[in-house]
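Presented sequentially are two complexes of chain A, the first with chain B as partner and the second with chain C.
Coming up: the complex of A and B.
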């Protein structure tokens, strides 16, 4: 099919040089492919600078010795991890964090679901619902600093909590809620439950309002009791929301620092020491930034396990 | 086609440029602190301005700028805790502001990191006469911090509670104090004799409320710069605190009590006595105008007749080693240490001057300050945590052992042995 030109001069005139022919579309194609990256470049650069670089730095610190405070830090292998993972305080912090996040999550879920169902109930009028909605969401509006101050005052040995409990005859003498190693962890967990349930409540309320009424009507026709409707209609319909919220809550609560720090500082006697407070003390009190980095990497890995389940659950949806 | 390709290339270039500009904007970029006209801008990070009357520190800095027209000062002011974190990270990354407000507890760590400059050299270069300085915080013979204002921690006594308990004399010895605390606690109404803040988040209760008893009797927790916690003097202090706890005279909640809780309990009449900073006098009087209280030296061991150590905390000042304008930075230090300025700043801060020749103006001050100044002059400023490495960590580890003692989980001897071991690993 190809024909050789009769006159080479004509070929020269009619056919442009081979290089521009090849590079023009290629350049255009490369530019076209780069455009999305151009648009994304602010985000990519910001994420790299603000997330990836710090994370990589912390991971690299965790394998070195005397980082930050000395110029001549050396590679230390897994020594920091060994030291952190065998530290009794770290193990206590893992245990406390486990109790803190699990109890908080379960309580957030139960309270949030209970209040959400109440606010979704047809038995209450709209005005009453609005009023309760405002009251129930209040704890969510306070900052952690305010919550810590409020609960420190309430739980003071001569505070309101003891006064009420003594007046009701539930206790004989004032309990040292935050100062007693036996009650401190439960006290900060209680404050965390109080501050965090509204988010569950709002999310579950949205989920409840998305359940088609026909399902309940069909269940009524089948003669299902309210409890069976709850178990076989409400809970299965809310399942994706509940699982997402539960996993997110575990991740968020495991990072709770300010509330613990301001209420007990990890004490008394390490009874409220969490992974976050343990890591902070290593870094800013002992200036052991390498060990603090190792601790932070362990926390990161534990959180990533939770994040893995969250992402998998989201994909299944 | 060619026009489209050009447009695409332009779009790509613009998008990239915008992206980079956004990042540069987000990162803040660098700032040139020496302008073309020779004016130098110093950054001065401290927590002092928020603790002084509104605008008063700005006025002092303005006076400095007027006297030194080629130097501008940019104040970086924040609360103590956030200033500390900012400086810790700045020291680590060698990006400290030119002039830094320092707590004596940080000096050792910052100096060892090479983050703060040797001020002995700066003084020599400037021909500064340091004999007027009340104290200098040194490491290996080199000055790294100059205390600008000192805050002493005397004993505060609620005179009404004391009178109600039938105690007619402010306690001066440990026995008198224990007796007064017991009587106050027995006087009813959920009132206790003493407040002891042992919260481990900010464990300075060990310095101010526990070791103050040791220093008041001329004792020391160090020997030749090394920890000496298993001495009879330190043991007697811990045993004394334990005896007060066993006697039930310490306000409940001590293990997580913070300094502000202590002050609040004293202000509301829930405790009769506390060791506290003079800086809180104004706060107490504002919140409880009718509270009748006095200040006195911290009680000493029975029979002790020597000079009483009185704990203090300082607003210290230092110069960053990474500063390009150390000479100008030291001019600011010199200015703040001038007798007149230093006296004025001390008066504003309700503290005592770091310049020996400065006189705080008590004209408009509470009479208690005059009384406290007398105590300060008669005693010896004592704070052995100043200049120690990781001093907050030392306080925290001692705090944890003391908490074990107070909760009956360990003996005094074991707690001191463990503390000695912990401290020895830090103070080498």
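Coming up: the complex of A and C.
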């Protein structure tokens, strides 16, 4: 036997003994598995505290009475829900919210698409394009509190909106846009349309720029008119963006509170009462926290239905 | 632009007139759009330079005789109004710093580790974005009062993070995923652990992504209204959006001051947007479509 080959044998023998030592690496592999949870721990604590606990709390409030303000809360069953769901103000709030979010969404989409297509026109130079883009994005840069104040100024009975419309001969006498139950809902909807379309515009502009030029060239070869190109190339290509933007917009607009609260406070005569303002008033004006919780849970369920459609749409893409 | 062949001169002419017509129509549409988008903002600006008596003068004028900065001086020399700005800066800066810190750690876990329940945890974080604020504000009131945080900065900072943290985690995870893993592996070869790899390598090269997320976080917190309204009580704890509303009640409609305050309150967001416009829009659209 020569020593030379023995050495590698010994070395090889020494390798397996290091295997039991591998319990060291094994222990550290348990530790290693815990590493990501270490990084996640602040997030897990915060999400638990800011979402999971509050949702459990609001659901439990909704089945009880005398919550938050008094200590002697008692089980109330579905009483809060029956009271809220049969409240005519709540039903009015559902109807108003439905009108508010659908009209806003359709207008956001039409305006956003129109502006995006104009900005995407090959007839425009780059400087003109970016100039107009900045102007069109403007409404989106102001916080909702500012937007509410701007539109209260413009829509004041002696404000500039009435002056312009009278000068153009569109109305005969000044309208009290926010004070008249017949026009208030349309006025807050208009303000919301103004403030929200830029987000559609930006997303649709990105979508338009992503459509391959060959599709249009092929359509031109087939002799398609601009309208047919729009219907058969542009719209189908934008469809996924349009649908996800539309659902997101319904969710966001349904959560709008500040605009309504500062423009009309839900009035006059509940004509602009939304689910958000109705719930807020129950809680923080009337201190009916249990009933407000029942209303808040209904809002959560309605939002989850919309979110479900959104997620399903995202999966299909 | 295109050279017109002699034989095709006639169709070339009609094409040119058609082009001119289309361009006219386009600029007409663009002009209408610019009035729709810009006129209300212009009117806000113009009103802030008027005296309060001229706000509703008939016929309305864009620039009046008593054009002045009085409304701005009135706001900027009033301690109560300045306090709103101070509060908004304190809350928004703290929210941004904490969101980035917690967001970086979480995004690092999602981007660089495989671990059980990662998909579930991620789904919960994404779903936070859909929970209506009005549903949360009621239990938050109970929680914040219970924790002794009612009418305090920590109460606002903590609750604002429910909006900012999910977005930050989603965006930063996507950003980290674009950076090659070999970068942080090299630190581990040199004996460093994952912690040093994160702070020495990943974070320094992620500065552009961190800025975009930070800007967005700042804007959300600066603009937040519902929690600031419900979770604070005294005027010295109110933020700018609530301050604008308070101005509406207190001074029996000092419209010029309300507009000046609105413009002053919008300046931080406007500056951030203009500076980071490109990065911000790109991040936001991709985030919205992904989230």
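Definition applied: the second predicted complex is superposed on the first by the 284 of 317 C-alpha atoms of A that agree within 3 Å, B and C clash if a C-alpha of one lies under 4 Å from a C-alpha of the other, contacts with A are read in each partner's own complex, and residues count from 1 in each chain.
The rule is simple: a contact is a pair of C-beta atoms (placed from the backbone, for glycine too) under 8 Å apart; a residue touches a chain by one contact, two chains touch by 3 or more.
The shown structure was predicted, so the numbers you read here are calculated from the model rather than taken from an experiment.
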### Message
After the overlay on chain A, what do you see for chain B versus chain C, clash or fit?
### Response
clash
### Message
Between chain B and chain C, whom does A:181 touch in the aligned arrangement: first, second, both, or neither?
### Response
first
### Query
Is A:225 in contact with chain B, with chain C, with both, or with neither (first, second, both, neither)?
neither
### Task
With the two complexes superposed on chain A, say which partner A:293 touches: chain B (first), chain C (second), both, or neither.
second
### Message
With both complexes overlaid on chain A, does A:264 touch chain B (first), chain C (second), both or neither?
### Response
first
### Query
A:135 contacts which: chain B (first), chain C (second), both, neither?
second
### Task
Mind working out whether A:284 is in touch with chain B, chain C, both or neither, as first, second, both or neither?
both
### Message
Quick check on the superposed pair: does A:55 touch chain B, chain C, both, or neither? Answer first, second, both or neither.
### Response
second
### Query
So, does A:118 touch the first partner chain B, the second partner chain C, both, or neither?
second
### Query
Counting only touches as set out at the top, which of chain B and chain C does A:35 meet: first, second, both, neither?
both
#### Entry: When both partners are placed on the shared chain, which of chain B and chain C touches more of chain A
C
### Message
In the superposed model, only one of 2-10, 56-64 or 74-82 in chain B has C-alpha atoms clashing with chain C. Which one?
### Response
74-82
### Query
Which chain A residues are contacted by chain C in one complex and by chain B in the other?
35, 39-40, 42-44, 46, 49, 68, 152, 156, 158, 261-262, 284, 289
## Note on the structure
Per the touch rule above, chain B residues touching chain A in the complex are 1-2, 4-5, 8-9, 11-16, 18-20, 22-23, 26-27, 84-85, 88, 92-93, 109, 112-114, 190, 198-202, 251-257, 261, 270, 390, 392-393, 396, 400, 403-404, 407, 409
### Query
Which bits of chain A are touching chain C when the two form their complex?
33, 35-37, 39-40, 42-44, 46-47, 49-55, 57-58, 61, 67-68, 114-115, 118, 121, 123-124, 132, 135-136, 138-139, 141-146, 149-154, 156, 158-160, 163, 194, 198-199, 202-203, 206, 241, 244-245, 248, 251, 254-255, 257-258, 261-262, 275-276, 279-280, 283-284, 289, 292-293, 296-297, 299-300, 303-304, 306-307, 310
### Query
For the complex, which residues does chain A have touching chain B?
24, 27-28, 31-32, 34-35, 38-46, 49, 68-71, 152, 156-158, 174, 176, 178-181, 184, 261-270, 281, 284-287, 289
### Task
Mind listing the chain C positions that touch chain A in their complex?
19, 22-23, 26, 29-30, 33-34, 36-38, 40-41, 43-44, 47, 55-56, 58-60, 101-103, 105-106, 108-109, 113, 115, 118, 121, 124-125, 127-128, 130-143, 145, 158-159, 161-162, 165, 169, 194, 222-223, 225-226, 229-230, 240-242, 244-245, 248, 255, 258-259, 262, 265-266, 269-270, 273, 281, 284-285, 288-289
